[in-house]
Each structure stands twice: as C-alpha cells, then as structure tokens.
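Below are two complexes that have subunit A in common, paired first with subunit B and then with subunit C.
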Partner chain A sequence: MAIESARHPTRDERVAYVGLLARLFQRPEIGSLVGVVAVFVLFTSTATGFAELDGFARWTDEASNIGIMAVPVALLMIGGEFDLSAGVMTGSAGLLLGYLVTHPDWNIWPAILVVLLFGMLVGLINGVLVMKTRLPSFIVTLGTFFSLEGLNLGLTSHVTGTVYISDVDAAHGYGLARTILGSSFWSPYDFQTRVIWWVGITLVATWVLMRTRFGNWIFAVGGDATAARNVGVPVLRTKIALFMTTSTMAALLGIMITMQLRSIQAGQGIGREFEFIIAAVVGGCLLTGGYGSAIGTSIGALIMGMATIGIPFSGWNSNYRSLFLGIILLLAVLLNAAIRQQAVRSRR
Partner chain B sequence: MSERDELKILEEAEGLSRRDLIVKGGIVTAGASLLGSPAVAAAAVKRSARADKKLSYAVITHGAGDVFWAVVKKGVAKAASDLGVSTTYSESFNKPDKQAQLIDTAVARKPNGIAVSAPNASAIKDSLRRAEKAGIIVITLNSGVDQFKQLGALTHVGQTENIAGAGAGQRLAATGAKHLLVIFHEAANIGLEQRFAGAKSTFKGKVSRILVKGVTDVATSTNEIRTKLQADKSIDAILALNPQMGIAARDAAKGVKSKAKIGTFDLSSDVIKAIQRGQVLFAVDQQQYEQGYLPIVFMYLYNTNLNTVGGGKPVLTGPGFVDKSNAAKVSALAKKGTR
Partner chain C sequence: MSERHLLEVERVSKYFGNVIALKDVSAHLNAGEVLCVLGDNGAGKSTLIKMLSGVFEPDEGRLIMDGEEVRLHSPREARGRGVATVYQDLAVVPLMSIWRNFFLGAEPTTGLPPARRFDIRFAKKEVRQHLLDMGIDIRDPDQPVGTLSGGERQGVAIARAVYFGARVLILDEPTSALGVKPAGVVLRNILQARNRGVGVIFITHNPHHAYPVGDRFVILNRGQSLGTYGRKEIDQQELVRLMAGGSELSELQHELQVLSAEIART
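Moving on to the complex of A and B:
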C-alpha cells in the first residue's frame, strides 16, 4: 500500500530510499572508474599524444591483450576459483595452431576449431581436477601451468628444432581469418580488431552476470558453494563451465596473437596470468569470490594498458616500468577499497 | 609289466614332464624377461661406458628457451656426436641464483668439464670454484669475457660485446642517422649493457634506450616500440639486441611508416628474410653455434691431450655481419637451426 504524495506518487514508505549517488558508489566498478580517470589525467599531462587517437590505438591494443582474458578470469574469480594456467594456455593454443597449419598443412579454419576444442579440453581437465580433488584451484592450475609450459617448449623444440613456429601466413584461408581475428583497422592509427572482440566479450560477460540465471549461479557459487548447492544451484557444472570458458578464451587469444604476428614463440603468455588476476581485482573482484564485475575488470585492464603504454609515451625511464606499474596498481586497489568502504557506510 | 607299474611309469613321466615344463619354462621365461628388461640393458651399457670411459660435459647457460640459445644447444649436441662424448644442456632463464644451483647439480654428477655462460660472474663464482676443486675444468661462453680468468676458466668462447656493439653503432652512424634507439629485452643483463655501451661509443649522435616486455610477449614489445617511435619522431636508427626484437622493431617501424634504419643482434630465419627484403639493414652475428660446439672441443682436447687454446685470451666467434650481400647463403643454414 503506497502513500500517494505529490512529490513521490509511487514511493513505498516501507522501503528506505537510497539516493542515486549512493547507489552508484555501491557498484563494484566505481573504484576502477575513478582509477582510470586518474591514470588518464596523469599521462595526458605528462605525455603529448597520449589523449590523441594515436595513443588510444596503442593503449587499447595493450588493454585488449589483458582484457580479453581478464574478463573470463574475473568470472571464474567471482565463482570462487583461480586459473593460473590462463597465460601459458594462450601460448599452447598458438603453438598448436601454428603446428597444424605448417606441418600437416591444414586449412586455417578446421585448425582454429581444433585449437578451440583443445582449449575446452584443458578447461575441462582443470575443472574436473579441481572439483574432484577438492584441492585449491590455485595449486591445481599451477600444476597445469607448469605442465603446459614444459610441453610448449619441449614439443616445439622436438618438432621444429627451434623454439618458435613461423610462416603461419602461408596457410590456406589465412587472409580471411587474419581480417577477423588479427588485423588492424583505421589506418594510420591501426586499432587492433582484438579491441572490438574485447569490448564484445565484456558486454556478453556483463549480460550473463547481470541478466541470466547462469550469472546468478556464478555469484552464488562464489559466495558460498555449500549454501548454493542447498538452494539447488548445480555447483559442479557451473564451476567446470567457468574453467572451460577461461581456457577456451585463452585459446582464442592465442589464435589472435598468432594471426597478428604470423608466428608464435614457445614462451608466449608466461607471466600474464597474474596480470589478468590483477585487472580483475583492480576492477572490483574480491579474491575470495562472490563479488565483482566484468566491466570493472575491463576498466582494470584499461588502467594496465594505459600504464604500460603511458610510460614510453611520457619518456620516463623504462627501467622503472615495474615500479610505476606497482605504484599505480597499489593506488588503484586502495582507491577501490576506500570507495567501497565509503559506499557501505553511506548506504542511507 | 603290471598295469600299476605302467601307470606309475606314465605318472612319473607325466609328472616329471609337467614339473619339468613348469620349472624349465619358468627359468626360460624369467631369463628372457630379465635379458629383455631395460634395467639389464642399461647396466650393460653402463658397463661398456665405464670400460670406454666416455667423457661427459655439462653446459649451463642463462638462456630463456629462445631462438638464440636453441642454436647453441644444437652446437653442443653436434660436438657431442662428432667427438663421441656425452653432454647435457640446461638453462637458467636469466636467473643467476638458478644458474648457480644448476651448476652445483651438474657438478654432483661428476662431469669431466662444464661450460657456462657468465652474465653474472659473482653469482656463480662459488659454484665454479667448487667444481674446479673437484677437478672439473671450466670454460665460459657467450658472456663473461672480462671475468673468465677470475672464474678459473681455461678460456672464453664468445664475442666481445663491446666490440660488437661498436661495430653495429658504426654501421648505423654510416647511414647518416642522428638519433639511435636501443631496445633492451632483458633487464640486468651485463652483455646487453656492454653492447649498448659499445654502440654508444661509435654512434655520433643521440642514443636512447627502452626496456620492453621481451621474447615472452612479442606483441606487447612491438606495441611498446611503436609507441616510442610515435612519441619521438626524431628516432632514425634502431638497434635491437635479439632477433625476435629485431622483427618487433621492423613491425613497429612499418606501423608508423618510420624510415628508421634497423640493425639487430643475432640471426633467425625471419631476420634473414627481412635483411633480404631490405627491411633490416644488418644483423651482428656472434655465431653462437660455435659457442656451443667449441667449448666441448676445447675441453675434449684438454682431457685427452692436455692442450690449451687461446693463450690466456678469449677465443672470438664474432662479430660477423650478415647483410644483403651474404644473407642468401646464410639463409639456408639458418633454416636448419644452426645459424
């Protein structure tokens, strides 16, 4: 029963009114949003060209490298698990693709399909191992990471006699595949098509998290798996699906990089896995799971891309690159935490 | 003969033959499986090896699984097969403490000699001293040309990075360039710093440097170089210190349509193709195949004939320059992974 009033005709007096600003500040993305604005202002003031299309093209390129994987990794983190093999998986996928099109001389499209299936398989293995052994996913996927790292190097050396696979552009069907997956557009700025994929993946992930039942399951399973199971959420299926999504996206990124570079190194992707997790945390995901956002994660990836590219743009000594990245990330995460505390306090 | 006797004899005969079969069969089966078993085979090999006293060498480098070190590894393997010795090869991925550990591990297996790269001599000094105390000879390769005597090595096989860098700087200066960008793909690598110093000494102009992500992420490295070229349009010469970074520099320069002249260190099939196409001006070739091959030969000569090489000085494998004039010939060899 609503009290009709001149000013708020449909407001229910039983429900407290939370102002628009307060509601905005409660969103997980708000911390990363403030962070990205701060980083953008910082580099625009210290570098010429950073805020121009030239600069946009460069830091969106780097951001998409991180963002395409950070979003599925964030979904997995919201679901309460980690995947440390995400970085090296891009290398494995790229190497498999490179091998299939150069040694048995496959057409690129069936090769891409096989590589994506390989990604799903690795994700399935990760998921099943984690769920059946009940070991922390950190440890299980660390094992997968080392296994893939060794396989990448060993098998590549064995097959090619060297540590990279090149001449991928000689494959049939390469041209169209490259246009869709690994080319650039809007010359002379050269935005990578990867950027469009990244934006698309972010939108799809956001829609899944916010508007579908599966998204609800992800939050539930990450918040409290036992309670979720008691309520009827298929915990096993959800978590395995998340692992499979992460590995398949990693395979897709590996394919894109191989398309762009026309070759692939055996060491590709190693070390990236922590950058994905950092982007997710900067974007508002809790390490304990159950809370986070895909858009926030992409903004986190954007922050990292800006920082990586802003440093050479500003002419800062690149030996200190890691120091700058560390400071910027610490500030972004602290800002995140502070704003979230403020939001929780200012609920009324 | 009574029936019972006949039966008894038959029984005995059957029993014996059955027992016989089981026992004899058992012995034959056991013997066959033992003979076929790998354990025995290995023991036989070990016995014959001990009889021949096959020389064994361990090679421990600071490599990171990249193209450059793959060629060194091939050189080591070829020397092993040519000389009939056994070798092992391990890499520390540019981590000095890991290299010290790997040296200690190799020494525990008592090889006749070890060959190490020494980008960080102080980190491996103790491990090498322990090796020498155990009677194991040491040769350094690739990096550490100024420290090989202190480390107790017989000689050093490599390229003096300063001279190589100076040669590269000279070639780029000859093109008339005024601003050189040097691309570092590894942090805290003394060899790279020496190349940079050498190039700086002969390039008559401004020299800048940039540290990029490296060979584990060529896409990002290309992006970073391109950003630098965009931010500073006065750069008209680029020197990469690694073949993959040379290709990254080429792609970055192509992206901004820069006319910068590109030189790189070390070869790969992509770099040779780029040289033939005129996209890269030259590659400084330190002929790392020899850095894998020669230490084994020198240690073999010392072990079998107490021969020394170098006369107290390093044995130089470079710099050789590969440019458009000789790229085609080198190309066929690079495809085999030996250049």
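Moving on to the complex of A and C:
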C-alpha cells in the first residue's frame, strides 16, 4: 500500500532546508532582537555614557516602567483582546494607595492589598463587560479608560483640593515597602528594584505562555475562539483571567511608582496604554491575536527605554521621542510581517 | 430489535416549524464499519449529524447506543459517550503548531502545582507516533497547522478524535473542499480509523468518494431515506443514479443533449 512510506519516521527531503537559521526566523522575537541591536549601536555611537553602567541603569529603569505592563498587555493581546485602561489604571491604583495611607491613615501593607484587589475588580469588570456584551474590547476598555480618568481627576481634587496626593512616605510600614517595591540598588549607578520585578515578570509570563496548559489556551482563544470552545477550552474563564492579570499588574506598577516618588499625580499613566501596545507589537505580537511572545515584548520595552534615554543623551531635543517610537513601530511591524510570511512560505 | 449495534437510529424525524427536515429515517452502525450518508444539498444530512452529535434531539424516533436508548442533550454529552464529530471548520487554530492543536483542551501535564506544566516532550512524541500510525506523515510537529494542506488538516482532526477514544466518528463532508489527491488521503484516514475499530459515519454528497470506503450506504433525499444498501447490493453507478434521484438525472441528461445539439446548430 502507499502508506508504507509513512511508516518509516526518517526525515524526508521536505524538512532538509528548515535549518537552524530558518527556525530562528520563525520566532516572534526576531524583529525586536534585530531592532534592539540596531538601536543600541546607534545610541552608543551618538550618546556619551550610553553603554556605561550609568546609562544602563537609566534606560533599564525606563524600560521596566513600560515592560512591567507591556508583558501582561501582550498576553492579553495574544489572547485576542486589548486593554486601553491599562495606562490610567496605574494612576488610579497610585491615587487609591495615596488616599488610603494619608486620609484614613492606613498601614501601607493592608492598603497595598486593597489596591491589588481593586485592580482585580477593574479587570473583572472589563472582562465580564467584553465577554457578555460581545463588543470589541477596544471600545469597552476605552470606556473604562475615560471613566477612570474622570474619577482620578475629579475625586483627587474633591478630596485634596489639588491634583496630586503627597506625603505617602509618612505611612506606617513605608520603609520596608519602599525597599521591596520602589528603591534602587548598586550605588552609585542606582539600578531600580523595579527592573528585577520586570525581569521576573517576563520570565514567569514566558513560562506560563510556553510551558503550561493556560498558555496553550491563551494562544487558542486569541487564534480562534470558536475552535477553542469546540475542543473544550474554557474561553470565558481564560479571557477574564487575562483582563484581571492586566489590571492587577497595572495596580502593582501604580504602587511601585507611588513608592518611588512618595507622591502621585492625578494624571499619572494617561497615554501610556499605547506605549504598552507598541512594545508588544514591536516584540512580535499579532494585533489580531493568537501569536506573540513575552520576551519579545520586553525587548520591545527595552528599545523604547533606550530611545527615551538615548535621545537626550545624544543632545537631541527629547520632544522627538514620539517620532522615534512611531518610526520604530512601523519598521518593526513591516519587518515582522515580512519575516512571518517568509517563514510560512519556506515550510510549505 | 434483537441485534445490538454500536449506534442505531430508529425512525427519527425532525421538524422546523412546518418544514420537515427529516422523516422516519433509520440506520445502524457497527464498530469497525463505515456508514456513508449520501444526499444532495437539503437532503437532511446536516440535520441527521446534528442529532447524532447532540446539537438537537429528534422530535420522533429513538437513538440507541449499545442496545440502550440514549438521549443526547448536548454536544458535550455526545462526546462523553464517545461520539466525536469532525466538522468542516475542523476546530483547529491555524497559527498554533500541530502538537499544541492536537492536545488543545486536553493537555497532558507533569509536575505538582504551582510548577505543574504542559508535558511538551510527551505531547510531541505522542503526536508524531500517533499520526504515523494513522498513516499521516507530517514534516514537523512544530509547524503551524495553517501551513498544512486541507487534507492534512482533516487527517490531524480525525487522528485527534481517534486518539481521544472516539467510538463513533462523524465526518461532515471531509472531502468536499479537496482536490482528487488530498481527498484520497482523507479516505485512507477513514479506513485507518475503521481498522482501529471505530465506527465511522461519513457524510458526503460525492458517491465516488463514498463507494470505495463505505460498508453500507444510506441515501437521503428531501428528508427521507431512499433505503440502506450494503456494499454488495449496489454498484457505483446505481449509487450515483439513486443519489441524483434517478429520473431527475435522466431528464437532465436529455435536456443537456438537446441543449448541446442546439449549440452545435448555431
């Protein structure tokens, strides 16, 4: 019979040309890897001190600020959804923390716990609204974005009469919390502890995505939710869990920022949601879901951190930062699309 | 009924409002046997599969599994009883690799929580071995399902259903969108499943695909059964003729002759 040939698991001629290089080029991270090398070389040649430990501490700080949120936003995007409220949520969390420790004079630890629970709640609301209404998450979370922005500004000025909450460092237990969440190490370079959190979050997210059942479900619900449901994947639960992770991480970042600065502005985080999405897309995540990487996303965040520091270090006007990010985004998307097409074609 | 079959439908009917979708259809299936359900569009094939896969219940008649009457209230319940349906849309995620798709929703795990993880080595090994056993030669279990051909994708979906212990495998038009060669591959997969003792229900409108693999044939026309035929009781031409509704086909042939004669004259 003709199936005889199939019985022998020898590698046939069709796999011969899928070599190591081709395999590397199938990884979603490849575009961001090329990008980070290019950006690093650029700023090393134009900015003094960029490649030294001083500079290193600065741009990893900026990168962690984006990366801690870009990673959960990437997981959500791989799961086929957006969260535009992720930026403003960092502000809401910081303001709630500031309020709890300055007005009812709470100890910092129960306040942190309440803020994290608040983050979970916002994520639950986002998730349930998206899944039950079947509206695009882009619109639903745009609604939560504006609602939270209004609450942040309105309630802050109602309570304090100003647009910020200060004196967070007067709270009980502040010292230890700051050491863990918002301080720096290795003087005189002063790397932020946040950088360690960022690396840890990236590693955990990668492990979950690539090595667990839940990771398999994330790819599936973003790739084809109907097919996933047909084979028994709990689509609703998976997506809601992703929304809750995203806004809980936003709460965590808000807490970290408040710890570091000792105060919090009512406008904190607004506009950052798009930076998280840029990092994810530069890192190889498909806007339509079902494809992407947490490590790539963190490399995307690193590129953005480098740009934020590299531009003023080079003596250029830092108003051009957005221009730079815009161009990086476009180049990365073009590169990723070309590589992906090439990878798919070479395997047929 | 003294004889026990793996699955049996007894005079089932289904109405949608005043439309009769299926009327008094009976058929049975044994393990290790291929039952072909043939019919044109609107003959009631889809209605019959949906009844068997638990999407809806018959209005009249009975479903019998292993000699016992059963009611399938949901697709989940049908799956629980070993009835697996492979639909035309296949329920695979194109961007995901073959091994990720194969175990989707039933991932094998290793380790204790919180370090419990997807047993990837086992999954890849199992997929490759099982697909080879089913006569499906994949290049690389890591390749995205989207890069497979339509026939290969069908093969993976069939192999998955067999792997997860399907006793009855329902295939809804698995060859209809395929060319000659890939359709042949799918027909071979059907025989592989049958040889493993699975009862296969093969729904198609193409008698040329049904005849080489079928043990028995049920022909539906406008919601009614035109009869069940064993492989020995019918030849391929008779099957084609019955399916097209006999007299209708000869009428069509006549019309075409007249038409081509007219074209020849001009």
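By our rule, the second predicted complex is superposed on the first by the 326 of 348 C-alpha atoms of A that agree within 3 Å, B and C clash if a C-alpha of one lies under 4 Å from a C-alpha of the other, contacts with A are read in each partner's own complex, and residues count from 1 in each chain.
Just so we're on the same page, a contact is a pair of C-beta atoms (placed from the backbone, for glycine too) under 8 Å apart; a residue touches a chain by one contact, two chains touch by 3 or more.
All values reported here derive from a predicted model rather than from experimental measurement.
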Touching partner for A:Phe313 - first (subunit B), second (subunit C), both, neither: first
Contacts of A:Ala171 with subunit B and subunit C, given as first, second, both or neither: neither
Which of subunit B and subunit C A:Phe219 touches, first, second, both or neither: second
Contacts of A:Leu100 with subunit B and subunit C, given as first, second, both or neither: neither
Which superposed partner A:Arg211 touches (first subunit B, second subunit C, both, neither): second
Partner chain in contact with A:Val73 - subunit B first, subunit C second, else both or neither: neither
Overlap of the subunit B and subunit C footprints on subunit A, listed as residue numbers: none
In the complex with subunit B, residue positions of subunit A that touch it: 47-49, 54-55, 58, 61-62, 65, 153, 157, 160-164, 166, 188, 190, 257, 260-261, 263, 265-272, 308-309, 312-315, 318-319, 321
Residue ranges of subunit B in contact with subunit A within the complex: 64-67, 70-71, 74, 184, 187, 209-212, 215-220, 222-224, 226-228, 230-232, 244, 251, 255-257, 269-270, 336-337
Residue ranges of subunit A in contact with subunit C within the complex: 2-3, 5-7, 9, 12, 14-15, 18, 207, 211-213, 215-217, 219-220, 223-224, 226-228, 230-233, 286, 290-291, 344, 347-348
Residues of subunit C defined as touching subunit A within the complex: 87, 89-96, 100, 103-107, 109, 116-118, 120, 128, 132, 135-137, 139-140, 143-144, 146-147, 188
